[in-house]
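Presented below are the structures under discussion, each in the form of C-alpha cells.
Two complexes, one shared chain (chain A), two partners (chain B, chain C).
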Partner chain A sequence: MTQASPSRRWSPPPLIRNPFQRWALILGAIVYLLLAISTLRIDVARIIQGLDRGSRMFAGFLQPDFVSRWTDIQAGILESLTMTVVATVIGVAISIPIGFGAARNVAPLPIYLFCRAWVALARTFQEVIIAILFVVMMGFGPLAGVLTLSFTTIGFLAKLLAEDIEEIDPSQVEAIRATGASWLQVMTYGVLPQVMPRLVGLTVYRFDINLRESAVVGLVGAGGIGSTLQTAFGRYEFDTAGAILLIIIGLVMVTEIASGVIRKQLQ
Partner chain B sequence: MTFESPIFELRQVSRTFGQVSALTDVSVMIHAQERVALLGPSGAGKSTLLNLLNGAIAPTAGEVRILGHEVRRLSPRQLRQVQRHIGRVYQQHHLVTNLSVIHNLNAGNLGRWPLWKAALSLVWPQEVATAAKALAQVGIPEKLYARTDRLSGGQQQRVALARVLVQDPIAILADEPIASVDPARSQELMNLLRDLCERTGKTLVVSLHDVAVARSHCDRILGLRQGRIAFDLPTAQVTDAHIRDLYVL
Partner chain C sequence: MPVQTVNGVQVWQRRDRVGAFKHWLGWLVGTLIFLGCWHIISEATTWAFVWDAPQQGGQLLSRMIPPRWSYLNQLWQPLWDTLNIATLGTILSVAIALPLSFLAARNTTPHPIARAIALVVIVTSRSVNSLIWALLLVAIIGPGVLAGVLSIALRSIGFLGKLFSEAIEEIDQLPVEAITATGASEFSILTYGIVPQVLPTFAGVSVFRWDVNIRESTVLGLVGAGGIGISLSASVNGLQWSQVSVIFIAIFAMVFLSEWVSATVRKSII
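On to the complex of A and B.
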C-alpha cells in the first residue's frame, strides 16, 4: 500500500455523490423551512402578551396558595392516589398472565401471538390519547383514568415480564418438569420464582409511573389531581395551580425515592 | 413401590437432532433394583439416553417403554404420571436458586399434589416433616429454610438428592451427578446415592466420567460410543480393554 500524500487530507465521503444533487437538496430544505415558518403566523404582539401572562403565572407559582382551594386539592390528591393504586393492582393482575403468554419459551405459538398482539396494542398509543378515548367512552371522571392507567400498565409490565421470562435458566425449569409437574405447577415452581424479584421491582416502578401519569391524564378529564389542576388553570388561579404543581412534584419525588429504595432492596 | 416387569425397555431406539444422530439402534432392558452406570466419551449419547428414559424426549425410531408404558402412546397427562415415578439428578444448576430449600424439596411432590396445594405450599410449606426427613438423610438437616443459592455446590447436590427422596420414585436417573464436585465429596455423594437406592429398593441409572466410581458403585456397566452400545456387561466382567476401546480417540 502506498502512503497518502500529506496535502490530500482524508475527509468523510459525502452522503450524496453528485454535488449538484447535494446542493439542490440543501437549498430545497432551506426554502421549505422558510416557507414553513412563514405559515406559523408568528405574531410579536401575541408573544409579548404571552410573556406577560407567563410572568403572572410565575408570580402565582412563587406565592402558592394551598389554603383557599384546599378541599378541592385534597380530594384531587386522594382521587389520584386511589386511581394509581387501583390501576396498578388491576394492571399487574392482568399483566402476569399476558406476560407469561407473551414469553416464547413457555407459551405455545397461538397464545404467544395473541398476547404479543395485546402488548403491542397497549404500547401503541401514548397515555393521553388512550385517556381521551376512555373519557369519550366512559365520561369524565376517575373511571376513565383508572382504565387508562390499567391499560398502559399492561403494555409496560407484560412486555418486560415476558422478556424476563424468556431469559430464565431453562435447566431449573427442566428439573421441575421432570418431576411430573403440570404446566401451571412448572410455572409456579420453576418460572415464577426466577422472575419474582423483577416482577415486584417492576410493579413498584410502575406504581411510581402511574402516579405521575394520573396527574397527566387528569388534564384531559380523566379525574384526579390533574383535573383539579386543569380547573385551577381554567379559573386563572395561578397561585392554587402553583400549589398543586408543588404537591405533584413532592408526591412524585417521594414515590420515586421509595420505589428506588424498595427496588434496591430486591437486588 | 415395586414393579415386576422391566423398569426400562428400549427396542432398536434411534434419536436424531436435525442432521446429527445422537443414538443409533440401541436396545437395552433395565430391571428393578439394578444399578447401571453409563460410561462413554463426551457426545457418546449418555444424556440423550437418560432423557429418553424419563420421557423428556421421544425416540425418532424404535420403542421406549417406561414402567411398561410405550412413551409415544401416552398423552401428556399420562406421561406426567409416569414421570413422577422417575426421579432425576443433574450435574448442577437444576435447583430453583431463588426458592428456599424446603420449596425445592417439595417440588418432588408436584407429580402428586394438585395445583392448589402446590401454590399454598409456596406460602405455607406443606408436608414439612417428609421434606425435613429427606434432608436429614442427606446429612444437612439444618438447611431446611436456607435460600438455595446460599448453599455450596456439594450442599446443592445433596438438596437435589433429597428432592428425589421426597419424590420417592421407582427409579433414579442421574446425569453426571459428581462432575462438578471434588473427589472426596463425589465419593460421599455416590455412597449416599447407592445406599439410598439399596435401602429403598430403587433402580439407578447414572452416567459417569469416573470409571473407578462406576466399578465401585454399580453392578452393571453400559458402554456407549458414538451413539451405539459398545458393551453391556456386569461390572465384574468389564475389562480394562473394554474401557480402553471405549475412550480411544
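On to the complex of A and C.
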C-alpha cells in the first residue's frame, strides 16, 4: 500500500507473495508458451483437406451403422468384457499381497522396498507401451491385453491399498496380536476388515478403468473392441467406427454409473 | 453374532448359516464367471506363442541391452514435443473446463438445461481415451503435434470439468451469502465469493492432470499424433530394440520428473 494512493482501494493478495518470483514465473511462462506454440507447425492446407474427411466422419457418427459388421462388433465387445473380468481378478489377486508388502507398518523393510519398486515400475509406463511388449512376446490376441491390464491394475490397486493399510487404526491390530494370533490371523482379523470396504470399492473402480483401457490396448493388437475399431478405421468405414465408439461410450457410462452406485453403498 | 453350542462349549462363528451360504454362493458364481471368461480368452489365444514367451522375452532383453545411447541425441526434439503436447493440451483443456464446470455445478448453473448439456459434454469427453481421440484427429487434421494437443485437451476436459464442478458444489455458502449481502453483482459474487474458495483445488487438479497427460502423450505418437511415441513406434517396427530401451529410459525419466514437479507444486498449494 502506497500512501500516495488517493482512494484506499483493496486488491486481493496475489497467489505468489514474492514479486520477483511472481514476475519471473509469469515471464518464464510466456516465453515457454511462445516457444511451444511455435513448434506446433499448423498446416492449414492439410487441415482444409482433412475437413472433408472430417465431415464424412462426422456424418458417419451421426448415422452409425450397427448392422453390417455386427458380428465383429459383438465379438469385440465380448472380448473386451471378458478381458476386463479376467484382468481385474488376476490383477486384484496379485495386488493384495503386493499391497500388504508395500505398507510400511506391516511389512519388513526389504519386502517393502521390493514391493514399492514393483509398484513404481507398474505405474510409470502407459498401458499401451506395456501392451506392445506383451504383444511382441505373446503374439497378437486378448491374452496380451489381459496381462497388460493385470499389470497396470497392480500399480494402481497395490499403491492405494498400501496407503490405506498404512492409515489403519493400530489398536485393533494390537488387540488381535494380544490374543496370541499368528501373523496371518492378525492380517485377516486385524487389518483386512479395516481396509475391506475400500478394497472392494477400488476393485469396482478399477474394473471400470480396465473396461475403458481394454478399448485402447486393442489399437496395438492386444484384442478387444479396440482391434475392431482399428479395423473399421483402416477400412474407412466411419459409420461402423461411429457405432463402435457409441457402444464404447455407452458401456463406459453404464459401468461408471454402476460402479458409482456400488461404491456409494459401500461407504 | 452367531454362536453355536457344540458339546456344551460355545463356539463363535463369523457368519450364521444363511449368511455363510450366501457368501459361499457369491464366491461360486464369481468363480464360474471368471472361469467362463478365462475359457473365452484361452480359446482366442495361440498357446504355442505363449509357451515361447519366456524365450522371446529373454531375446528381447538381450537385444535391448546395452542401450544405444547415441540415439538419445535424436530424442530431444520428440521429448520437447511430448512436453508441449501435454502442457498446451492441459492449458487448453483448463480454459475450456473452467466455464464448463460453472455450468455443470448445481449451485452456479444458470439453467438446468445448460447443466445437462455440460454434463453430457463432460461424460463424453471422459469416456473416450486420448489415444482414440488422437486416432480420430489424425484422420481429420493430419499427423503432428497439433492433433496430439487437441486429443489431450479433449480427454482432459471431462476429467477437469468433473473435478472442478464437484469442487464448486462443495464450497462454503457463508462467504457467498456475505458478499451477496453487500449488494454485489453476480459477477462479483463469482470472483470474490466462489473463485477464491475453489482456486487451490483447481490449480492442484490441473497440475495433477498435467502429470497424467505427460504419461498419456508418450504414446500418442503410435497413431501419428506427435511426440516420442513416433520414435517408439518407428523403433519397434524396425526391431531396433536397443533404441527402444533408450526411449523407455527417457520416458521413465520424464514421467519421474513430472511426477516430482506435480507433487512439489501441489504440496506448496495445499
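Definition applied: the second predicted complex is superposed on the first by the 224 of 267 C-alpha atoms of A that agree within 3 Å, B and C clash if a C-alpha of one lies under 4 Å from a C-alpha of the other, contacts with A are read in each partner's own complex, and residues count from 1 in each chain.
What we mean here is this: a residue touches a chain if its C-beta (ideal position, glycine included) is under 8 Å from a C-beta of that chain, and two chains touch if they have at least 3 such contacts.
Note that this is a predicted model, so its numbers are computed, not measured.
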item: Chain A as common anchor, with chain B and chain C clashing or fitting; value: clash
item: Dominant toucher of chain A (residue count), chain B or chain C; value: C
item: Chain B versus chain C as contact partner of A:57, first or second or both or neither; value: second
item: First (chain B), second (chain C), both or neither touched by A:181; value: first
item: Partner chain in contact with A:167 - chain B first, chain C second, else both or neither; value: neither
item: Superposition clash, chain C against chain B - the stretch among 2-10, 110-118 or 182-190 that is involved; value: 2-10
item: Overlap of the chain B and chain C footprints on chain A, listed as residue numbers; value: none
item: Sites on chain B touched by chain A in the complex; value: 54, 56, 80-88, 90, 93-99, 103, 107-111, 113, 115, 118-119, 122, 160, 163, 167
item: Of all residues in chain A, those that touch chain C in their complex; value: 12, 15, 32-33, 36-37, 39-43, 46-47, 49-51, 53-54, 57, 78-79, 81-83, 85-86, 89, 124-126, 128-129, 132-133, 136-139, 141-143, 146, 212-213, 215-216, 219-220, 223, 226, 229-230, 233, 245, 248-249, 252-253, 256
item: Chain A partner contacts - residues on chain C that touch it in the complex; value: 33-34, 36-38, 40-42, 44-46, 49-50, 53, 56-57, 60, 80-81, 83-84, 87-88, 91, 123-124, 126-129, 131-132, 135-136, 139-142, 144-146, 149, 192, 196, 199, 215-216, 218-219, 222-223, 232, 236, 248, 251-252, 255-256
item: For the chain A and chain B complex, residues of the former touching the latter; value: 169, 171-172, 174-182, 184-185, 188-190, 193-194, 196-197
